[in-house]
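Working notes, structure below.
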Amino acid sequence: MLEIAAVNSFYGKAHVLSDLSFTVARGQVAALLGRNGAGKSTTMKSIMQLVVPRSGAIRFMGHDLVGLPPHRVAKLGLGYVPEDRRIFTDLTVLENLEVGRQPPRDGTVTWTHEMLFELFPNLAERRHNRGKEMSGGEQQMLTIARTLMGNPSFVLLDEPSEGIAPVIVEQMARVILQLKSEGLTVLLSEQNLHFARAVADVAVIIEGGAQKFHGTLAELNAHPEIRDAYLSV
Amino acid sequence: MTIVLETKGLSKSFGAIKAVLDVSFVLHKAELLAMIGPNGAGKSTCFNMLMGQLKPSAGTVWLNGQNLAGLGPRQIWRMGVGRTFQITGTYASMTVAENVQMALISHHGRVFSILPYAHRLYRDRALDLLALVGMADQADRHCAVLAYGDLKRLELAIALAHEPSLLLMDEPTAGMAPRERIALMQLTADIVRDRGVSVLFTEHDMDVVFAHAHRVMVLNRGQLIADGTVEQIRTDPRVQEVYLGGGTLFNPAEESADA
Amino acid sequence: MGFFIAQLLTGLANAGALFMVASGLSLIFGVTRIVNFAHGSFYMLGAYVGYSLMQVLPGMVGFWTSILLAGVIVGLIGVIVEICVLRPVYRAPELFQLVATFGVILVIQDLTLMIWGAEDKLGPRAPGLAGVVRIMGEPIPKYDLALLAITPFVALALWYLITRTRVGVLVRAATQDREMVGALGVNQSWLFTGVFFLGCALAGLGGALQLPKGGADLLMDFNILTAVFVVVVIGGMGSLPGAYLAAVLISVLGVFGVTYMPQSTLVLMFVIMVLVLMVRPYGLFGRPEVAGEHGQVGEPERPIKPAGAQVRMIVAAGLALLGLMPLYGSSFALVLTTDILIFCLFAASLHFILGLGGLVSFGHAAFFGGGAYVAALLVTYADTPMELAMLLAPLGAGMAAIIIGWVCLRLTGVYFAMLTLAFSQLLWSLVFQWGEVTRGDDGLVNIWPSSWASGTTVYFYLSLVICVGGILFLRHAAHAPFGYALRAARDSARQAEATGINTKRVQWAAFALAGAMAGLAGGLFVFSKGSVFPNELEIARSFDALIVVFLGGVKTLAGGVVGGVALEGVKDVLTRFEYWRLALGVLIIVVVILAPDGLVGTARKLAERTGLLRTPEDSK
C-alpha cells in the first residue's frame, strides 16, 4: 500500500534519511523503531511531503507522492498525526475536529463525532474546551481524532506514546488495535519497544536514517542482538 | 581530581510540568561526561540552565567554585564556558575563518570597533583553531555551502576560541554520517586529553557514547536515574527499561482476544 | 451631558469604517502573514465604486445595494491582486511582499485617477436618512445613527463567520498553524484567496459606507492607512475583538480630541499607541509572534569583501565623472544629482540596519525628516549658521534614534516594523499639529545655506562630499568588527549571544548610527530646498527608502545606493508622463516578481550565468 524507495531527505544541511526503503502492506500495523535522532519523524514528514525528499520515490496506492503539496497527500487518504501534536490550542475540541473533516472516502470508515467520542471518552466530556485547556494525553487523543475526521485509509502516528501517562499509553494501544480492526493501515514510530510489541505486526528499525531491519515482531523477538544493537543502551 | 562543574538540586518547572527535577552531579577536569536519555527527558533544559539561557526554578550551579546564579549566557561564556548547539548556529553570510574571527573579536572586547577591517583581525589565531579541528583548508569558503559535518567542526572551533575550561556540546553528532561521528568525537576526545578541557555532552548515538565517554549519566522524565561508568550503565536494568519501555503496559492482544 | 453623549455617538459612528478596514487587514495578516499596505487603496476603491453605483441605482434600495455591491466588487479586485501579484511572491522573503503591495497602491491610485478624475466626489446623501435627530437637545445626523446600528451588525456577522462556520474555523486554525492545516487536507492557496476576498470586501464596504460622511477623494488611501495600522497594532495583529475595541477607542478619542484638544488629536492617537505597545508589546489582544527570521529567508547572503582594485578604479572614475559634472551638466542636472545623492545617503542608512542587521524599519523617515526639522528649527529660531545646524541635524536624529530604538528593539519582525512606524507617525503628527513652533502644514521656509555655499555648484560639491563620505563611512563600518557583529546578530543571535556579543546593544548602536546618517541627509536636504514640510516625515517617505533598499537588493552592499539611483532616475523620467504612478507601480511589481534578489543581486546572478562574472567556486 505504501512503498518507500531509496529516499534521501535533508533537514537544512543535515542528511537525515539516507536511501531509506521499506513497504507497508494493507491492513498492517507497522512500527518504525529507532532511537531518538534516528530519522523516524523525518520519515513521517517525508511521506506527508512536509519535508520534500531530495531523491527517491514514495508511492501510495499507485500515486507518487514526491513533490505533491501536503493537502493533496492528505486527500489521497493519508492521515498524519504529528509527534508534537500541533493541535489548534485556541480552538475547541469540536472545532479542531472540524478542521480535520473531509468528505467520506470509498473503502474506509467514515468517522462521526459519536464514533470518535466512543473511541476517546475523555474528549466527549471536553468537547467545548479549548485545546490549551487540555492535558497532554487529551491533546494526544484529540490530534488522533482530528486526523481520523479526514477518513484516512492509512494513518501515520508519530510517537503516539511519548510523554503521556502510562494509563493513556494503554488507551492509545487499544485505539490502534481498534483502527486495525476497522481495516485501517497504520505506520507508527516508536522508541518504546514494549508498546510496539503490544500493537504492531511488523517492525522497521532505522538507524542513522537507513533501514536496518524489516520483519515481523516475532522475528525481531527471535533476534535479541538486533534489538541490542539499535534500540537498547 | 579538580571539580570543574557541580550542580546541586537543579530543577526547572514550566507551569505544572517538571522538566528537570533535583539533578545533582559533578564534572571533573579533563573528563568527557555524557548525558543520555529518551526524548523529552530534560537534557536540553538542563543544558540551557547551565549556559544561563534558562533560570533554574531551584538548585545551584558552580563553575570552578563560582556560583553561576543570575548570570546570563554572555557572562557565563566570559567565565570560560564554550557551547555547541544541536542545530548548528553559525554565521551563514560569512566565511569559515570569519566565523571564528567573530568569536575572537568578541573575546578581545572589540565588537564595537569601527576602524579596522574585521577580516584581518586575529586571522592567524583563527587559522590555528581551524587547523585544530581539521578545517584549515576550508578557511576561506562561504559558511553557507559547508557540509553538515564541517559546520559541526566549525562550531567546535568557535567554541574553543576563548580557551574555555568547560565545553557543553548538545547532540554534537546529530545529523552526521557514522564515519563523521566517530571522527568528531575522536577530535573532541583529543582536545580533552591535550588541553585539559572538560566536556559535557548529550548524545543519542550509543556507539558514540560508549566509545568515547569517560562517564555516563542517564536522565528520564527530568530525573537523574543513573550515573556511572559505561559498563555500569550498560548493565543497569532501570536504564534498559527506560530505553526499551517499561513493563507497565497491559497485554492488549490478550484482552482483545477476550472481547 | 447631552453634548457628551452626542460626541460619544459620533465617535462610535466613525469607528464603523475604521473597524471594517482594520479587521480586513488583521484577517489577511493572520492567515497569510502579509502586511497589506494596499489595504487603504481597497478602501478608496470601495468609495469610488460605491459612488458610481449610486449614480446608476436610484432610491433607498439602490443606495444600500450599491454599498453591498461595492464590497463584493472590491473583494473581487482583491482576488485578482492576490492571484496576479502575491501568489508569485509568497515564497519570497517575508517582507519583500510589502514592496509588491506598495506597487499595488501606486497602480490603484492612478487607475482611480484615470477612471474617476482628480476632482473630489461629494458623497450622495443616504435616501431617507438626510436630516438630524435631536438627542437631549444635541443634533445627531440620522446617518450616524444608521452607521451606529450597522457596525455592530457587520461585526456580529463577521464574528459569526469566524466563530461559527467551517471557513471561520479554518481561518483561525490557519492563523495558528498553516502547515498543519495543509497536512489535514485543506488547500491553502484557496484559503488565502478567500481570506483576501473577505478582507478586501470589508475594506470596500467601509469605503462605500462612509460616502455620505466623507465622499471620495484620492488621498483616502494613505489617510486611512495610518489610522488602520494604529488600530490593528493597538488591538493586536490578527484579533477581531481587538480591532473593534481599538477602532472605537481611537474614533471616540478622536472626536473628543477635536473638541478639547484640537491641536493634538493625531499626537494623542500615536501617544496612545506607543503607550499600549510599551505595556503590551503585542497589542491588547495580540499574542507574541513566533520567533522567525525576517527578511532573511532564502539563500544566505554572500561573504563581503572590501572592494578590490578594479572596483575601486571604477568607483573613482564614476566619482570623477560626478565631480566634473558642473563642467558639462546643466544646473537642472546638478540639482537633480544633488537630490539623488541625498536620497542615496538616506537609503544607504536604512540599508545599513535592514541589509546587515535584518531590522526592517517602517519609519526611517522619522530620522530623515527629523534631521531636516532640527536644522530648520535651529535656523528659524536661533539663527544658527548652516555649518552648525548641519552638525546638529545628525546629532538630533541620532538622539531620537537612541530613544526610539530602545523601545522598538524590544520587539522583533513585523512588530518591530510596526512600532517604528508608530514612532515616526508620532513625530510626524507632532510636527503637523504643533503649528506654533513648526508652522504645521505650511512648513518652515527660508532655510538657506551660508553665502559661501549658496551657489548651485558649490552646494552640489558640498552634497557630493558629505553624501559620498557618509556612504563610504557606512560601507567601511560594514567591513569593521561592528558591521560583522551586526550581521552575526542577524545570522544567528543564539551563537552571537553564546560567544559574548550583546546583540541588542549592537543593534541599538546600529539603529542610532543609521538614524544619525539619515538625519545628516535630512540636514543637507533642507538647505538644498530652502524649506521643509511635514511630508518629509511621512509614511510615504519611509516607504520610498524601503522600496529602494528592497529593489536594489537587501543582500548586497551596493543595494541601497543602486536602488536609490535607479528609483530616483526612473521617477525623473516617469514623472514627465501623466500616469507615472501606474507605470512605476507596474515596474515595481514586475521587478519584485522577476528579480526577487533585487537589481544588484539579480544582475550579479545574470552576469555569472552568462559568464561575464566569475562564479565563486562555493556558490552552487
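Just so it is clear, A, B and C label the chains in written order, and each chain counts residues from 1 on its own.
By definition in this document, a residue touches a chain if its C-beta (ideal position, glycine included) is under 8 Å from a C-beta of that chain, and two chains touch if they have at least 3 such contacts.
What you see is a predicted model; the values in this text were computed from it and never measured.
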Subject >> Most central chain, judged by mean C-alpha position against the global CA mean >> reply: C
Subject >> More contacts between chains, B-C or A-C >> reply: B-C
Original post:
From the C-alpha centre of chain A to that of chain B, how far is it in Å?
Top reply: 31
Subject >> Averaged-CA centre spacing for the pair chain C and chain B, given as whole angstrom >> reply: 44
Subject >> Footprint of chain B on chain A - complex, ascending >> reply: 11-16, 18, 35-38, 159, 162-163, 166, 169-170, 173-174, 177, 181, 191-196, 198-199, 208, 227, 231-233
Subject >> chain C contact footprint on chain B (complex, rising order) >> reply: 51, 73-74, 77-78, 83, 85, 89-95, 98, 101-103, 105-107, 110-119, 121, 141-145, 155, 158, 161-162
Original post:
chain A touches which residues of chain B in the complex?
Top reply: 36, 38-40, 87-88, 146-148, 151, 171, 174-178, 204-206, 218, 233-234, 239-240, 243-253, 255-256
Original post:
Touching chain C in the complex: which residues of chain A?
Top reply: 48, 50, 69-71, 73-75, 80, 82, 86, 88-91, 95-96, 98-102, 146-147, 150
Original post:
chain B touches which residues of chain C in the complex?
Top reply: 299-306, 476-477, 479-485, 487-488, 490-492, 494-502, 506, 509, 616, 618-620
